[in-house]
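For reference, the structures are reproduced in the following blocks.
Presented sequentially are two complexes of chain A, the first with chain B as partner and the second with chain C.
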Partner chain A sequence: MSVRAALRAYPQFLKTGFASAVAYRAEFLIWMFSTNMPLVMLAIWAAAARSGPVGGYSQRGFAAYYLCALLVRLMTGAWIVWELTMEIRQGVFSLRLLRPIHPLWQWSAENLAAIPMRGIVAFPVVIILLWLARGELSHDWFFWLLLAPALLGAWLLYFLVQAIIGTLALRFESASSLFEAWLGFSNILSGYLVPLDLFPSAVRVLAVALPFRFQLSYPVELMLGRGTRVEMLELLAAQWAYVAFFFVVTRVAWRSGMRHYAAYGG
Partner chain B sequence: MIEVSHLKKWYRVHRRQPGLAAALRSLVRRPYEDVKAVEDVSFSIAAGERVGFLGPNGAGKTTTLKVLAGLLFPTEGQVGVAGFRPQDRAHGFLQQITLVMGQKQQLLWDLPPSETFLLNRAIYDIPRAQYDATVAELTELLDLGPLLGKPARQLSLGERMKCELAVALLHRPKVLFLDEPTIGLDVSMQATVRGFVRAYNERFGATVLLTSHYMEDVAALCPRVMVIDKGRLIYDGALPELIRRVRPDKRVILRFSKTVERRDLEALGTVVEHGDAEAIVQVSQDGLQAAVARALASLPLRDLTVEDPPLEEVMRDLFAQGRAA
Partner chain C sequence: MKALRVVSAMMRASVALALQYRLEFVVEGALAVLWMAVALIPLMVVFGNRGAVAGWTYPEMLVVLGWFVALKGVLEGTLSPSLMQVVEHVRKGTLDFVLLKPADAQLLVSLSKIEPWRVVDLAGAAAIFVYAFQHIGHAPSIAQLSLAAGLLVAAVLVLYSIAILVVSIAFVAVRVDNLLYLFQSVFDVARWPNSVFRGLLAVVFTYVLPLALMTTYPALALLGKLNARTAVAALLGSFLFASVARLIWLSSIRRYTSASS
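Right after this comes the complex of A and B.
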């Protein structure tokens, strides 16, 4: 299936995705309030840091970290695994396969187009709060330049991992429990719940090598200006190497899944 | 246009007994068995033909249709549609086919059908002029005007099916796979859908393969039928010939000017229905002429017509024969 055809259709995919996101008004409210875990963690750590910095983080440091984490999470949302699993079970997935453009293109556009709407209330609040904590943020324009590809890479990692796990449903009919397990690891090892530099050194060594870091912690580190320019560039290269790896795995998993797909649901 | 040679499609299915103990056992040991959904089916369909695919539930109709549409890999055998191997799902193949499933929808649930039209325009890369002309034509043929701006979830089943058909045909496919397209629709909407499918076939020379439980659909649309039972093709030919072969009898419908005794009717053949003003008698093909002559001579008739047995009965008998064999 041609990439050129998909790219030509992509603006319409985005428009349709945006229109669908606007149609689900109740859903965004739920989404907005369900992505508040970093604020809960912020309250806990801010209380712990009242009498003095914890692991190098002052109260303002924690505030900046978790606000950045919230922002990154809001900007890298993907939920294709749920849609893939549900559509396979209901049999409507078959209709997507009949179209001459790979279904992942359309799903990616639907997910991307919904991100601005899902963050419509949270984005301004978080940005104002970050402005107040701007002393904690990076002052190097180069880091902010790297942020765009880093956020795209983070989103692609979320999306591709979900696509791979969702594709397993082509063989096993459901893959959501496997994704729950992945999400559990991801919440801990991506820095979503606790900054990675607060982990014991053995766990930290593991966390910085695994792909989870690149889903959230790395863009947050960029915003906070942790490390040197060279280190951040190396991390960007590592992040995109993971993206390339997961892209290849997605293709293999998809092809293999299609051979086993039983087109259930009538 | 469609070539199928020795097609087999088997599914591997996990079997277990009901109950908690069986559920726990299935965690450790999982017996599987192969279900032979399609067994050695061969046929070919020429461009522009309208073919009805008949069979009881679980006979293998939808499985065959899904293999032809490229959704399922065949276990064995060769399949060709419009010069492509469907399972490769090549861009050129997908541009030429459509599959409408009466029980599944591709309309975006929360958006008006016009949004799905635009989406499909982008997906199939339909040039603007062709898109405008097709939408105008479909809107007129299916009377879609008032429906295009309403969210799909607020459309009635019939309205939704009309929009589904329009969305599925926007790219002017050359091969239409229709799986129960009239399911759940009222009689007049069924007739609308049938008329539309016929008009599309005649206008664009498209090939149509249709499955339906409504025999009216098949009788009205398909000069040729294929009957599949337990995964095997048991008949492929014209519908009247199938009826003659399975049920070589005729139904004589008699309308009376005054009441007639049942025993007077039994002299003609097997009485299927008997009322004060009307009766239906089943008569063998050979005895038809004599029965009609006798009825005209001896009964107080207002009207007499001769019909084939209803298609539903023909099918029921055909599958019953298959099971007994």
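Right after this comes the complex of A and C.
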């Protein structure tokens, strides 16, 4: 299968993915609404900041941080790990392999095609953000320019990690548990639950170097206008270096998984 | 009496089923510990910066978190997996087989699948309580413990009733099998005491979706800060809530016309 063939089929994949997101819109919206953790965390921090700013964050600052975090999470969702582990267990996966195109192309299109639907939920969040905490957002157009590749990188990181762990289901039964463990660490170390700069410095040093940060905290930092232009460019390079690394790992994991795979009953 | 025998038989079946997958038992237990840590860490960071939040000190807040961890274990270890199966039954049309059985259908569906490794959550909650009361410096009295136990019953009752209500919706609109997930994620709010919220949200989480009843009140009871009137009102309210849920379940069962008709 060539890349060119995949690219030719890609628009159609996107259309099909979008159509299925629209067809299951009620389910889809409920899924979106169950992403509420940033708001739960905002509640406690807003209560803590009633008597004055905490670690440089006022109530408004926390609102801006967690609304941005919610936005990034809503716009960079992927769910391929659940589909991979389920299809491998049920044996449907073999059918995918028969198609003349790499399954990951199709899955990536399905996940990307859901973004317009995600936008429907994200849009009110943007309105509330602009209305509540416009002053906390970055005033530098350059940061907003960087946001597009940063969000794409964040989504790719999430998607590739899920693809790697999902591929492990070809060998291990409990790959989805592994992903849950990864999610647990990611919740803490990506800045999803607590802004990274509020952690004690030992944890912060660790969190800043690990890939989790680039999945959520980095785009949020861009929206809030933290750091300088040069620093943010360097971080973008670091993020895409991680993307490249995970891409290579995905290829290796996929190939070795394929060699190992012998369908159920086969 | 018969109901109790049915319950114990179902429990045994679930445990026997789960014990076949021993590795999963260990893995899921470890995951439960990890998620407990994920719940604790933000609280530690908050109280690293503040002595008290919304009138609650760190150990007092831990007591609330303890109830939250315990109830989340109950919700995700018994109620959700069992009721998820009802939705599946409705979709496949196999609910008829459950309804034909000579025992109460609500009882059968609400305990049909239990994940025994979730006892790790209960143990974790106990550990959190012990740690919190060591910090406070004195153990709760017998009276406080028994009041808290009474409120725990009320809390589980309300939690269960909400889950039954959510499933009753599945009879009307089949394509809402993830409504239970939505409720699970809303339940995350119950990790904070009610006084964290202000205005409309405080009212909603006390009376409409009584999350306060599930974690804040039992915690206040353990801390000896709950006044008698609130306690009685909470107990009565929970029984009322459960009866209404039961009535709605019965009426939606009556209207259920199976998949084929």
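In the analysis below, the second predicted complex is superposed on the first by the 252 of 266 C-alpha atoms of A that agree within 3 Å, B and C clash if a C-alpha of one lies under 4 Å from a C-alpha of the other, contacts with A are read in each partner's own complex, and residues count from 1 in each chain.
In this text, a residue touches a chain if its C-beta (ideal position, glycine included) is under 8 Å from a C-beta of that chain, and two chains touch if they have at least 3 such contacts.
For clarity, every value in this text was computed on a predicted model and none was experimentally measured.
J.: Once the shared chain is lined up, is A:54 touching chain B (first), chain C (second), both, or neither of them?
T.: Touch status of A:54: second partner only.
J.: By the touch definition at the top of the document, which applies to A:8: first (chain B), second (chain C), both, or neither?
T.: It touches chain B, and chain C stays clear.
J.: State whether A:261 touches chain B only (first), chain C only (second), both chains, or neither.
T.: Only chain B is touched by A:261; chain C is not.
J.: Quick one: is A:228 in contact with chain B, with chain C, with both, or with neither? Answer first, second, both or neither.
T.: In the superposition, A:228 contacts neither chain B nor chain C.
J.: Figure out whether A:177 sits in contact with chain B (first) or chain C (second), or with both, or with neither.
T.: Only chain C; A:177 stays clear of chain B.
J.: In the superposed arrangement, what residues of chain A touch both chain B and chain C?
T.: Correct list for chain A: 24.
J.: Show me the residue ranges of chain C that touch chain A in the complex, using the header's touch definition.
T.: 23-24, 27-28, 30-31, 34-35, 37-38, 41-43, 45-46, 48-50, 53-54, 175-179, 181-182, 184-186, 188-189, 191-192, 195-197, 201
J.: Under the stated contact criterion, what part of chain A meets chain B in this complex?
T.: Against chain B, the touching part of chain A is residues 1-2, 5, 8-9, 11-13, 15-16, 19-20, 23-24, 90-92, 94-95, 97-101, 106, 258-259, 261-263, 265-266.
J.: Quick one: which bits of chain B touch chain A in the complex? Just the residue numbers, please.
T.: 11, 62, 66, 69-73, 89, 91, 94-95, 97-99, 101, 103-106, 108, 110-111, 115, 118-125, 151
J.: Give the list of chain A residues in touch with chain C in this complex.
T.: 24, 26-27, 30-31, 33-37, 40-41, 43-45, 47-48, 50, 54-55, 173-174, 177, 180-181, 184, 187-188, 193-194, 198-200
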